[in-house]
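The structures come next, written out as structure tokens.
Okay, so subunit A shows up in both of these, paired with subunit B first and subunit C after.
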Partner chain A sequence: MSVSANDNNSAKVSVRGFLAKYSVLIAFAAIVIFFAIASPTFLTPANLFNVLVNNVVMLAIVALGLTIVISSGGIDLSVGVSVDMASMIFVMLLAAGYSGVVGVAGGLGAALIVGILNAILITRLNISPFLATLGVLFIGQSTQQLATSGGQPIYLTSGYAADQFNAIARTALFGIPTPVIMLIVLALAVHLLLHRSVFGRYVQAMGAQPGVAWYSGIRVPRELSMVHVLCALLAGVTGILLSATVKSYVPLSGNAFLLDAIGATFIGTTLSRERKPSVIGTLLGVLLLAIVKNGLLLVGWNFYWQQVGIGVLVFLVLAASFGLRRAAH
Partner chain B sequence: MSATVFHAEVGVSDEKQAAAKSARRRFGALVVRLGAIAAFAAIMAYFVIFAPGFTSTFNLINVVEQSAILGVLAYGMTAVIIGGGSNVTEGGIDLSIAANMGLCAAVYATLLSMGYGDFLSVIAAIAVGMAVGALNAVAVVGLGILPLLATLAVLNVAAGMELTLTQNTVVGASSPLLGLLVSGSFLGISALAWALIVFSAIMIVVVHGTSFGLRLYAVGGHPEAARAAGISVPFYVSFTYVLSGFCAAVASILTVSRLSASTPGSGELLLSVLAAALLGTVFSRRFVPTMGGTLLSVLFIGLLANGFQLLNVSSYWVNGVQGALILLVVAITSFARGSEGSR
Partner chain C sequence: MQTAKRDIAVSMTGISKRFGPVRALENANLEIARGSILGLVGQNGAGKSTIIKVLAGIIKPDSGSIVINGEAVTSLTPASVEKLGVHFIHQDRLLVPTATVGEAVFLGHEIGLGPFVSRRVMERRAADLLKRFFGMELPAGTLVKDLTTAQQKVVQITRALAQKASVLVLDEPTAALVKREVDSLFDVLRRLRDDGIAVVFISHYMQEIEKLCDRVTVMRNGTDVGTVDPRQTPIDEIIAMMIARDVGEMFPKRSVELGAPVLEVSNLRLGGSFENIGFNIRAGEIVGLTGLLGSGAKEIVQCLFGLKTADGGEVKVEGRELSLSTPVKAVRDGIAMLPEDRRAHGVALGLSVRENISLASLRRYSRSGMVSRGAENQAVDGLIKELSIKTPHRDALVRELSGGNQQKVAIAKWLSCQSRVYVLDEPTVAVDVGAKVEIYNLLNRLAGEGAAILLLSSDLLELVGVCDRVLVVYRGRLAGSFSGPAMNSDALLAASSGARSNIDGVAA
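Up next is the complex of A and B:
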């Protein structure tokens, strides 16, 4: 039981443990080096800028929301609906001539409704998060089809508000693109919330031991509601950014984020021994996916092979992390 | 233990309050349950009265036919959930099943269009399906990767390979087997409907009528106890993933026969498959996934879509109503479960 005996035991397996713990980081470094050699344009500032703005920011904000939910031991399959609803209301309000501020408030409000709906279903009706958010996903898809007569995109013709918002997605502050600054601020906020606040401790407790959390006096329904509302709001931010970037609302486009965001969050969990999600891990997971996608494109793989490549690489990273850790135990 | 301590500290007034609370809760449960049954009955009654030809034999067989593909896939998913346990993030799940079906369909249609016979093409499709299933099994059982993650990675691989093979186009296919599946019939029931009936019968008998099925439930319900009882847990869990791959291959042949082609976009079926397998749990008394429950929920979803179609209601409503009904049914059962727990 003594500390030194523990150390002796773990020393033998520490190399493998080290490899298991940092396998994602090692794989990340190896992939960056590989693409840097294979493609001369990969490490150019223009390309990295492009990866950050187009592949990282929006996915990362959705993944931050999922990180909170997965930390609480749940899942949210309806993040795509939150993205879409925010995007839809935002674009509809702007198209109707309202100002950008009203559009953003409306968009976030729509995402908030999705989050509250999830919270009610999970905490009041005791439906498991998986089924509750799956049901909301189906309802959200129908709602969008009905609202857009079967999935017609809505385009923002250039007007005052449209230009203004497209500008926000395209401008930079101190040389850093505005969306990237938004991501940094949000990531920092979620990090503090999840790893440094009382709320975060409650969330982690609910994820680790739901029964114990309940008996310890944590108001599980209230904290869980907060978790789902926050996740939906973050997805809503992505929805607004998405519309501002492409100047339109394309129905059912949010679902594309779901599987990637889940993947990124769980890749991030390989950083911790207990497999807990963390903001840093999630960001690393998102970066890994984005870099592989971009690198394979630059090396000249077509879109179809990229998907195979991403699957294989993620599979190998996971295999290394999980397999080595199992061997280390 | 913490529960008993907690109870000891609860005062008399708290107990009264708790009793009042549980009474209110029971009343709420009653309202919701009756409301749900009434809603379900009302929908079906509405279809029977107003949807022209809803109850005709032809239409009901048509529903069974349309449910065949979803049903076969849902059986694979159900087997994986039974063997892996139904924990949301760590239990058994196969996200790759729909993409796997797409890949098998692409392989099958491509081989047929290259002139290989039915026999070879079917063997190849089933081999591919089971190989993808085996890959999942290696990842989950051999490497210990979370099923959710492992099958997510395999989903990408399978979907990418399907796209590479077909270049995202429709690959037309025709063969004697496909002709038989489309137009063949026996005892007035079409071949596709027979496919679902026979497949369902096999699945229900194997999972619910044999000691093999019982062990499978043991493995999913309590892996340690199963291991202590001498059951090879890794074998059973691996088996479910390979079976899921096999189901994907069978479904791929059905889908190619229905569409006379392999078409992109089969991955969209994933959520419906998950919904069918999870919704099926509410038909069992102990809320565990069962093959019979999965069959009922698949037919239920089929009847719903069919009724809407006959009523000329826009198909955009179907998903939403399906989602709302899932929530309703699950809410009722969780109320029922809650009152059981308090007893």
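Up next is the complex of A and C:
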């Protein structure tokens, strides 16, 4: 085997490695270009603003929480319940005439209870995260139906503090919508927590090899509880944002976030060689999903075909990343 | 040359392979003859597993040629290699635990009609094969998980024979076997050799190589440094070939002034496992602990690290009484633990060297909950250098290191923690000779720095060579404490099997 052939070979390998590593970014660029050509409205500021505020921010905040949980080696299927519970309590309190501060505190408190319930089931009763949060999902859904006589929405009429929230959701700071600023702050915080803090390192260790974490003197139950509480709280933030935006509580609407958030987090793992979730990867995953949904809508696909489009996209990104990486190895 | 010798089954010449900056194989050769057992030895990282993975088609070599049964092969895949009659019994690639013996033997070559497998036919054929080759009779439909480790090895070998293997490569097949099982495995291998099969036997145990192999190829630094007849070459000479220096003292001598007691254990008991256990370890002292399987020695160590909670008794470190209920508390009280199962409990393979080393001591490198990368890197680099951990860089995954270096990472984790008491559970199992000596040196250095060390081991020579004193546990009680001239492997063996006891000097 000659030297030049060898070089050629390794160059080919590194191109494949590059494609594998950045398959999300490449898919992202390709999709933006495609929709920019296919739809004249796609790249307009009004549309991008709409995508960010309505499709990205709320999903991304839920996905940030799931990123923490998935990093720890677990899963939270009850994020939708956390969204709904926060939304329900927030709207109920506001409808009863309480101030916005009380509403937010109550909403986050409701999400906190969901998180603590998950934590107890997982760390005290040693139920696997999948089954524990699945159980909480069932209980949470029924609770909402019982509390709303079978799933009746609660609407906020004008005059409540909700108006202020609704207004906040429409303001902007230096041209950046307020909800987007909220997301940036939360994402930065979760990024620092997950990738720079002692807690984050423990989370990574538990995700990589729980036995080693325990044998290294890490308080695994405590850290794991914190993981699930944080995830539920972040989902609660989305619940409050959702209610503030639509000025109502619609039972069981939180579940829509679950699968998209899981999908976004796993698309994000393709950025890392060890397939570890990361905040940057998750945000990219969310953007990718949001843009595809919006783009397909603009070119006239109906809702059901959008789901098909997203499914195919997830397959393609993951398959490209896995396949090319194996070839590069 | 290959065609001249008709009895050569596999000939690998000039094999080279690089992983990034790491040179795994450099112009390595391996020749496997029919009707003979070839030993393959070398330290971890010498290239044994890499050359075997090349032959198995798992790793693609950068250059070199491979001839199998007189036929030059260019690109190997795991499937094509099996078709050529070369089969591998990997160390940790286990069988599917819930499969039956029949399913395991014919895995990948199921017997049946079209898409339907006939489990009954497979069971019967597997039973026939097991009986014919090994005289082993198992009840029909026995599950793999219900077999002993030795029986599982035999099932794996049977699977190879069912596919008409002409070359059989066994990677550390005896690591988890007891002596009687090793003997019967050796009988099986000898019988296969006499039937004309080429057997390759990879092992860290020199006595096994000497006992079993017709020839042994020694690897060092990615190349083969020689092939000798192990029956005519002294073991010391083979070891010297492996590490390229005189073995001299396998167990380095040391002289340490013993200080005040650091670990004091009294009247410790755990229902069903052990009772009335009491001993002290002084600063600078290395105390051995041994006992047969089920003697309670292992459970004593687990209680000291809070993995199991003792029913009663007292444990003090530097005079302070501990409540050992979880490893969290044990670590905070200055106890370090090197667990036996390195991959499950010692190091996280998917994390970097840096993340593993700092895991137990992160608080030292952090301010208000945030890790200070600078301080962490500095400490980690210091430890990598100090323990001469062979790694491309601090952010390499531990998965990419050899077994001995992984063990060093597990030790570095506790050095970084500055623990006072080190509890080691079989630290040199599946570690090569060179790394063993390095680990012994490390223990000596820790002792020299005033740590108290408790070494649980079933390797009696190791205990005699390394420890100041050895405690023997028999049926849940201390059956002896040996030091000085009384501390020899015969005495330890006698005490652990209950034949003799020596309770003088057992601290209350």
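Basically, the second predicted complex is superposed on the first by the 316 of 329 C-alpha atoms of A that agree within 3 Å, B and C clash if a C-alpha of one lies under 4 Å from a C-alpha of the other, contacts with A are read in each partner's own complex, and residues count from 1 in each chain.
One rule holds in what follows: a contact is a pair of C-beta atoms (placed from the backbone, for glycine too) under 8 Å apart; a residue touches a chain by one contact, two chains touch by 3 or more.
Nothing here was measured: the structure is a model prediction, and the numbers come from that model.
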item	value
First (subunit B), second (subunit C), both or neither touched by A:215	both
More subunit A residues in contact - subunit B or subunit C	B
Touching partner for A:131 - first (subunit B), second (subunit C), both, neither	first
Touching partner for A:322 - first (subunit B), second (subunit C), both, neither	first
Touched partner set for A:139, first subunit B, second subunit C, both or neither	first
Which superposed partner A:310 touches (first subunit B, second subunit C, both, neither)	first
Which of subunit B and subunit C A:266 touches, first, second, both or neither	first
Which superposed partner A:174 touches (first subunit B, second subunit C, both, neither)	neither
Set intersection of subunit A contacts, subunit C complex versus subunit B complex	212, 215
Residues of subunit A defined as touching subunit B within the complex	70, 73-75, 77, 121, 125-132, 134-139, 141-143, 145-146, 150, 212, 215, 259, 262-263, 266-267, 303-312, 314-315, 318-319, 322-323, 325-326
In the complex, subunit C residues that touch subunit A	62-63, 305, 327-328, 330-332, 337, 339, 341, 344-351, 355-356, 358-360, 362-363, 366, 369-371, 397, 413
Complex contacts: residues of subunit B adjacent to subunit A	2-3, 6, 88-89, 95, 139, 143-146, 148-150, 152-161, 163-164, 167-168, 271, 274-275, 278, 314, 316-324, 326-327, 330-331, 334-335, 337-338
Residue ranges of subunit A in contact with subunit C within the complex	1, 6, 192, 196-199, 201-202, 204-205, 208-209, 211-219, 274
